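Take this structure, written in structure tokens, and hold onto it; I'll ask about it next.
Letters A, B, C and D mark the chains as written, and numbering starts fresh at 1 in each.
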Amino acid sequence: MTELLQQLINGLALGSILALIALGYTMVYGILRFINFAHGDLFMLGAFAGFYISPAVAAVLPGPSLGSGLVVLGLAMLICAVLGVVIERVAYRPLRRRPKLTVLITAIGISLFLENTGQLVFGATPKKFPEIIPVYPVLKFGGLSITSSQLIVLGVTLLLLVALRHIVLKTRMGMAMRALAFNPEAAALMGINTDWIVSFTFGLGSALAAAAGILFAIVYPSIDPLMGILPGLKAFVAAVLGGIGNLPGAALGGILIGVTETLVAGYLSSTYRDAIAFGILIVILLVKPSGLLGKKEIEKV
Amino acid sequence: MNPARPGAEKFDSPLLQLDKATLRFGGLAAVSDLDLSLGRNELVGLIGPNGAGKTSAFNLITGVYPPSGGSILFDGRPMANRKPHQIARAGIARTFQNIRLFASMTVFDNVRTAARLHCPRGVRNALWRGRSFRDGEKEISGQVMELLEIFQLGKFHAAAATSLSYGDQRRLEIIRALATKPKLLLLDEPAAGMNATEKAELMRLIQFIKDRFQVSILLVEHDMKVVMGICERIVVLDYGMKIAEGTPAEIRAHPKVIEAYLGD
Amino acid sequence: MNIRHAKTFLLGALALGFLVSVAASHFNSYWLFITYDIAINVILAVSLNLINGYTGQFSLGHAGFMAVGAYTAAVITNQFGDLNPFAAGAVFSGALLAGGALAAGAGLLVGIPTLRLRGDYLAIVTLGFGEIIRVIFQNMQGVGGARGLSVAHGWTDFFWAFGAAAAAVYVVAALVHSTYGRGFLAVRDDEVAASAMGINPVRYKVTAFVVGAFFAGVAGGLYAHSKQFITPGGFNFMQSVSIVVMVILGGMGNTVGVILAAVLLTLLPEFLRPIAEYRMILYSLLLVVLMLARPQGLFTFRKQGDAK
Amino acid sequence: MQKFLAPIQHARGISLIAAATTLFLTVFLTGCDKPASTPGAATGPIKVGEFASMTGSEATFGQSSHEGTLLAVDHLNAAGGVLGRKMELLMEDDQSQAGQPATVVRKLIARDGVVAVLGEVASSRSLEAAPICQQSQIPMISPSSTNPKVTAVGDYIFRVCFIDPFQGTVMANFARHTLHLKKVAVLTDVKSDYSLGLAKFFKEGFIADGGAIVAEQNYSSGDKDFSAQLTALKAVNPDGIFVPGYYTEVGLIALQARQLGLNVPLLGGDGWESSSLIPIGGVSLEGSYFSTHYSPEDTSAAVQDFVKAFRAKYNETPNAMAALGYDSAMILADAMKRAGTTDGAKVRDALAATKDFQGVTGKITMDADRNASKPAVILAIRDGQFKYVETVSP
């Protein structure tokens, strides 16, 4: 029983990070209907941004504390938001009226570029991510263990999810985003500045990726230039599983995959772990082709 | 009338018979309890205000959506729950309200794709490319060119389908439907977007198709002039239900029809 | 190419392949080896083009089919010791066909359930199938699991590679350039209209998946007997992605363009070798720039309806 | 009507391809392979090929190994070269990708005309290159591929590291007899043949010594989360955990084990040895042990000179991969000197006859299966440092 509880906690911690990455995926997809392949690499860049700015932050705000951790988080999010906007401007925007598949190729190109440049600039050897928040076991009884980092991940994920929902549902910007997602032509006719909204969406999505990168690095403090590939892939699966374009769906998908993967690895066979996410996805899509919380799109004939 | 055609022995039975056919999306009934029958070589109009369920009725007949209830008989055979391509093979062809040509293909290929229906040769034949393949391809292209010539599109055969004028694209869609050699042709608002001259031309064309190809035609059309001008019988839908049926003269005077259109 | 000459093209290609393989010792073995890579990539790209380009599906799992073919063919030929050239040819062709057939079976398995899905959903599910196939091989201890499988015979030569590539090109081109084959394009352009014209979209999609997977399997068999060592990791999702890149860069549904893209994308990294660590960076930048400069595909010159 | 049936564009395309093929064949393919060794022309540099994973998922290993190899070549050339000629190292990146080694090794041999090949870290990639070297009769030395199958490919294939059976048994004996562990769990990296091999021989050895393997769990290199597996291991209360993986994952494994309250010693192999292990694992690694080829703290001159030179050149402490890369080049040079030529067959014979060669990673003797036979060193992690424990001879 203790073991099962511990596994559920493990799964929840992993799942909430996947959820955070999936949120960024799903947001960009919801607006632009295209898979931003480089999302996982922005996640990696977020972690490295944190790695390089944390000494500077530590000089001003000494010691690992929640405050300095949040400053690092905020700065990394800002850096990646700018990067995301630049990537969109350079590699995606010129192709916006093209079939989505062509954008997919530039996205793959950007992804490969970031990974290989990362290997050259940061080095291929994993780096130790500094302790920007104090990590200690907050709960330890009867063999159960929860660390402060796990709680912080869960907390920040929830916070960002709520904030995101607020932005999308309650603000003018969010309204414009939804209009754009619903019907790009109509949105443009209504006087919505499409380019602006798309840039904003990319910035927001990339900031989320950075946040996930930092939190990931806090829990798993070994960072390398290829660290984004696998979580990126799984988060994408999570986004589709929840119904791509749907924010709570992405969170749900992330948690679901995190928990299932952990349980499978713990109780069945960890060698099949990588296949499990896809197994769940296929089963669910066959039953409900638009994902768990996705709306069915009826093609008008 | 034409004893050589299959199904002629069932001459007395109607070609198409809908009995309480219903189509529901969630709780919303797009078509409810629709009774409709269509005889051989008959030209019937289906009208109604916007959202009355005309196109839904088409989608029901052609199997795009399976009926939620009721039955559909075509040529004496049940059509409900058959796939669209099976229904097409049974002899129902259609055009679309918003033109749906194969955008990447030439005019010729658009028609050729539909013409394949009656000379089904598959993978092996295409791979081996023997005599029977060549003869078959020749025969099909002969048929296609003949059809194109009949409708004066022969000279555009090699052009991209999307490069045609709007009217020609509508015409091409009709040709494509005819290439499947249907017994019943469903035309979904063929006059949409046409000016008065083009509409007059279209009316002649529909009449011509009916006589030349011996098909029954079910016509959804907004333009009353067109419908009243050529249809032998008219069915009026409102809110998915049939509210009236009769000759053009009867429909014109039908109080429910007037109410439906004025309330629109 | 007149239709009467299609088979002549195939025979000519096989003859050329045979001549080159006979004269193999006169060629530089490195460049010769690169031609095998080219031929294998041509097969992969052309077969994926049938699925993604002509039929408008979006498969991201081609490497999975390749793995099935590679392992099947390798397991079969590993049962044999050294053989005389004729026996070797017979065994090898049998193994390649068996690999293709099993891959086609996998294609059928993947194709049928995925028919309900479209676009990105289809992409992610095929990607998932590809990954699941890889993980299954990783767990099959009989074929070495994660440690990989040594392939006893290096039977892939110019004749086999070039011949198989010619066959793949012929089959896809012959299928598509027929009245029957217009159905693939019709399904891609407008599934609803296609089915209203009596075309069974399910049948065409499954056919595309099966034929595409068959040739991916054959390519896998050639790959196994060219590299002589296969690991599940070699058939990962990046491999699938690189095939998709060839198809999109060549121009979806443009066989000639896709062939040229496969050749280009195989040779490009080789020519970039002298710049070592900067090679992959330059390669990825080129990918972005090429796509921005020619979004319709590098080798698509006439206006085609944009593939959806 | 023919023109409808086969679009004319197709014809042009096919002829274009035919023309391109012909051009390609004539331009690139003609010209036989460069002869590997021209006995008459004993001038100019000796070309030695190396293939390594300089980019891609295992770049960190390939880069380390390459740095060691490059340092060896520097040393050799500074000391006057080999056979009076400079040694020229031609390195090709295989991107950590299956399929690449076969291509790059063919390039090295056929196009660049190298006389010997060094590489790779991963056995799966060495196994791709080995048949080609064997066929071309070019000696190949793998620095750190531990799968026994690699050298079994043929009599031109050698290695300077130990193989899985030796190292696995050494750690099994150490765990059972020195640490007196009874119940050990094993956590294997299933993506790595190195890890699988080591786990296999450890388990066999430990059971033969009267111990019990109480649980087995797996992960895949590249994973970051091991909490599921560690929680499952914790449930069976092992005395120790054998983690035959690479330093890239071991640090995180140690960290997460301690966080879950799993406080037993971790044991491992030479894949642990790297200066980036301890920064990541930190205090969680205290009290862990691993076997390796050498200790940077070894006071012998060979080791100290190497460590000093390496630090001077790359500003970091060499890990096991770098030391083995260094030895692979040194042992090749030694064999060439003894053979007095760069001729493949003669260098092969000299390599096979290597006896008590003093490398950085120990005294190396080639056994009948062309595997290096040399002692293993066991290191402990104490006070955040690698501490020498003992040496085990084969």
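One rule holds for everything that comes next: a residue touches a chain if its C-beta (ideal position, glycine included) is under 8 Å from a C-beta of that chain, and two chains touch if they have at least 3 such contacts.
What you see is a predicted model, and the numbers here were worked out from it, not measured in a lab.
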*asked:* Quick check for the class: compute each chain's Cα centroid; which one is farthest from the centroid of subunit D?
replied: B
_Going by the touch criterion at the top, tell me which pair is linked by more C-beta contacts: A-D or C-D._
C-D
_subunit A-subunit D separation of Cα centroids, rounded to whole Å_ = 35
*Please report how many Å separate the Cα centroid of subunit A from that of subunit B, as a whole number.*
49
*asked:* Counting only Cα atoms for the centres, state how far subunit C is from subunit D in Å.
replied: 32
*Please compute the C-alpha centroid of subunit B, do the same for subunit D, then give the distance between them in whole Å.*
70
_Junction residues of subunit D, two or more chains touched_ = 5, 55, 190
*Would you pick out the residues of subunit A that each touch at least 2 other chains?*
116, 119, 269, 271, 274, 301
*Would you please write down the residue numbers of subunit C that are in contact with two or more other chains?*
3, 6, 138-139, 178, 192, 277, 280, 307
*Residues on subunit C engaged by subunit D in the complex (per definition of touch)*: 1-3, 6, 9, 16, 20, 25-35, 37, 138-139, 145-148, 150, 154, 173, 177-178, 223, 226-231, 233-235, 255-257, 259-260, 263, 270, 273, 276-277, 279-280, 302
*Along subunit A, where are the residues that touch subunit D in the complex?*
3, 6-7, 10-11, 13-14, 116, 119, 123-128, 135, 137, 140, 143, 145, 147, 216, 220-222, 224, 226-227, 229-231, 261-267, 269-271, 273-274
*Report the residues of subunit B in contact with subunit C in the complex, numbered from low to high.*
62, 64, 83-85, 88-89, 93-94, 96, 100-105, 109, 112-117, 119, 121-123, 125-127, 129, 133-134, 136-137, 140, 160, 162, 176-177, 179-180
*asked:* Which residues of subunit D touch subunit A once you look at their complex with the stated criterion?
replied: 55-57, 59-60, 63-64, 190, 217-220, 222-225, 227-229, 231-232, 234-235, 247-248, 251-252, 255, 259-261, 274, 276, 279-280
*List of subunit D residues in touch with subunit C within their complex*: 2, 5-7, 9-14, 16-17, 20-21, 24-25, 28-33, 54-55, 91-93, 95, 97-99, 102-104, 106-107, 109-111, 123-124, 127-128, 131, 135, 147, 149, 153, 190-193, 196-197
